[in-house]
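Just dropping this structure here.
Naming follows writing order (A, B, C and D), and every chain is counted from residue 1.
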Amino acid sequence: MSVSEEDRLARRIAEHMLAKEGTGNAWGLVIEDGAAGYSRLRMTIRQDMTNAHGTAHGGMIFALADTAFAYACNSRNQATVAAGASIIFLAPAQEGDILIAEAREESISGRSGAYSVAVRTSDGRVVAHFQGQSRAIGGTILETRTEETHNG
Amino acid sequence: MSVSEEDRLARRIAEHMLAKEGTGNAWGLVIEDGAAGYSRLRMTIRQDMTNAHGTAHGGMIFALADTAFAYACNSRNQATVAAGASIIFLAPAQEGDILIAEAREESISGRSGAYSVAVRTSDGRVVAHFQGQSRAIGGTILETRTEETHNG
Amino acid sequence: MSVSEEDRLARRIAEHMLAKEGTGNAWGLVIEDGAAGYSRLRMTIRQDMTNAHGTAHGGMIFALADTAFAYACNSRNQATVAAGASIIFLAPAQEGDILIAEAREESISGRSGAYSVAVRTSDGRVVAHFQGQSRAIGGTILETRTEETHNG
Amino acid sequence: MSVSEEDRLARRIAEHMLAKEGTGNAWGLVIEDGAAGYSRLRMTIRQDMTNAHGTAHGGMIFALADTAFAYACNSRNQATVAAGASIIFLAPAQEGDILIAEAREESISGRSGAYSVAVRTSDGRVVAHFQGQSRAIGGTILETRTEETHNG
């Protein structure tokens, strides 16, 4: 079961970002997987994440997808930000549902990238589909020199 | 200073929705204004709303805009939900910034509608621009008969 | 080389739609492949498809992606229309470039679906990425009874 | 009837862009108005702009909106391109319908901007709503020195 150095870096970056985010703890996010250009996150819908219809607030569904997108687009250790995003809401999620957001890289050209994120419940029901546009801003997330030493 | 009956209903609906949402309290939302096809909300960026770059998480900026959109598209007392949305991130917001989201109705056709939401800081800096697609699902938010009696 | 009945139907639908569209001939579209939830189209950028910068007009890049999306979301013979779409422009295309749009189904829930379309040049350069939201409107594209007779 | 210098420049830029575009003639576009951060265009839906349902192809509706967006975001004579866009399709348009796209600037921050475009028929029926994200790429559309001489 060999994991590439590239994928190991992607996971360290996701863990590093999650630890630095104010939202990570607030939303109870769990990293399920990370790889180059990829991430998978889990979040449980709590009562304080519901809308007036009593279902998961679209803002929280987006926020989960947007975070998975952020980990995927920063996974190669080039600091990137979201320039824009769009989301299609396909079916509601309920309080107590465990949502899984799976982000993958679609295309990269220069400093711009396109990512897709599928949001489903843990039992496989479709909830939403998200498209994110990334823009590299220069710089890195982790200092790889230091990290190499730590692992050496 | 006469406010139309239509606008008064829009405000009651926004207050009713805010009171029912789990997120309203969690995010510290304040309704600044409401009218038919319109709403304006305020939210202060707290530490638990920040991303790994230390600025407002895109998910929270979207969530604020999405809520203003929800109040505007339900303002005529026809129950509607978001079918989709897109957001353009124009400039970062910082912890402590007060964000104002102003939603307005652009076009309605049958059960579908288009809404725009501008997100700015309270001192007028541009943060994001949002477009939401609404879909009426049948039913109302408030029972207007009862409400009329209450106000009679 | 067995092709499933489902994929054969998808190709007949794409050919039928292309033949009925006023735009198909006008844009010189060529169907490269079709399957259930999938389509791949080709279009060459002509001078009358260029913008003021002398590169492929964003409207034509979108139009190509939107057509691939239409063939993919109608491929199961349930009549569907586009409710909305978003596109990320990653790099320009030039006059004479052959563009390939590859559409795939991401998620379906009830009458709504989400589709992704990658647009690349025939030599593999990334041009754009598209997300489409479909809505089934009832009815079919082909009368399958008749078609079965024709093929019997 | 005084028109500002700024608005006069915006109209010259729209006319200049239309003249340089391969698509302008192909689509029969007519500029109805132009001003700083604003443009209004007209296009008649022809048979070669229809889809398999016999209504205006979504790609052509987008193309019209995208062109109005391009004229509005270049109107201040800073060369800009579309980084992305999203569209909501609200109601179909028919062959023979005259479509009007009205673009306005929503927000600008640094090199990025957000624009809205409403697409309606000439008799006021709602067709679509579009949001565009612009990015300034440096340079101008017109050489203003030369133009001033021509108009002096």
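Operating definition for what follows: a contact is a pair of C-beta atoms (placed from the backbone, for glycine too) under 8 Å apart; a residue touches a chain by one contact, two chains touch by 3 or more.
Computed from a prediction, not measured in an experiment: that's the story for all the values here.
Of the two chain pairs considered here, B-C and A-C, the higher C-beta contact count falls to A-C. Using the mean of the Cα atoms as each chain's centre, the chain most removed from chain C is B.
Centre-to-centre separation between chain A and chain C, using Cα means, comes to 29 Å.
Computed from the mean C-alpha positions, the centre of chain B lies at a distance of 35 Å from the centre of chain C.
In chain B, 83-84, 86, 88, 112, 133 are the positions where the chain touches two or more neighbouring chains simultaneously. Interface residues of chain C facing chain D in the complex, by the touch rule stated above, are 16-18, 20-23, 25-26, 46-54, 57-60, 62-64, 66-67, 70, 81-89, 95, 141. Within the complex formed with chain C, the chain B residues making contact are 83-84, 86, 112, 133.
The residues of chain D lying in touch with chain B in their complex are 84, 86, 88, 90-91, 106-110, 112-114, 116, 118, 120, 125-126, 129, 131, 133.
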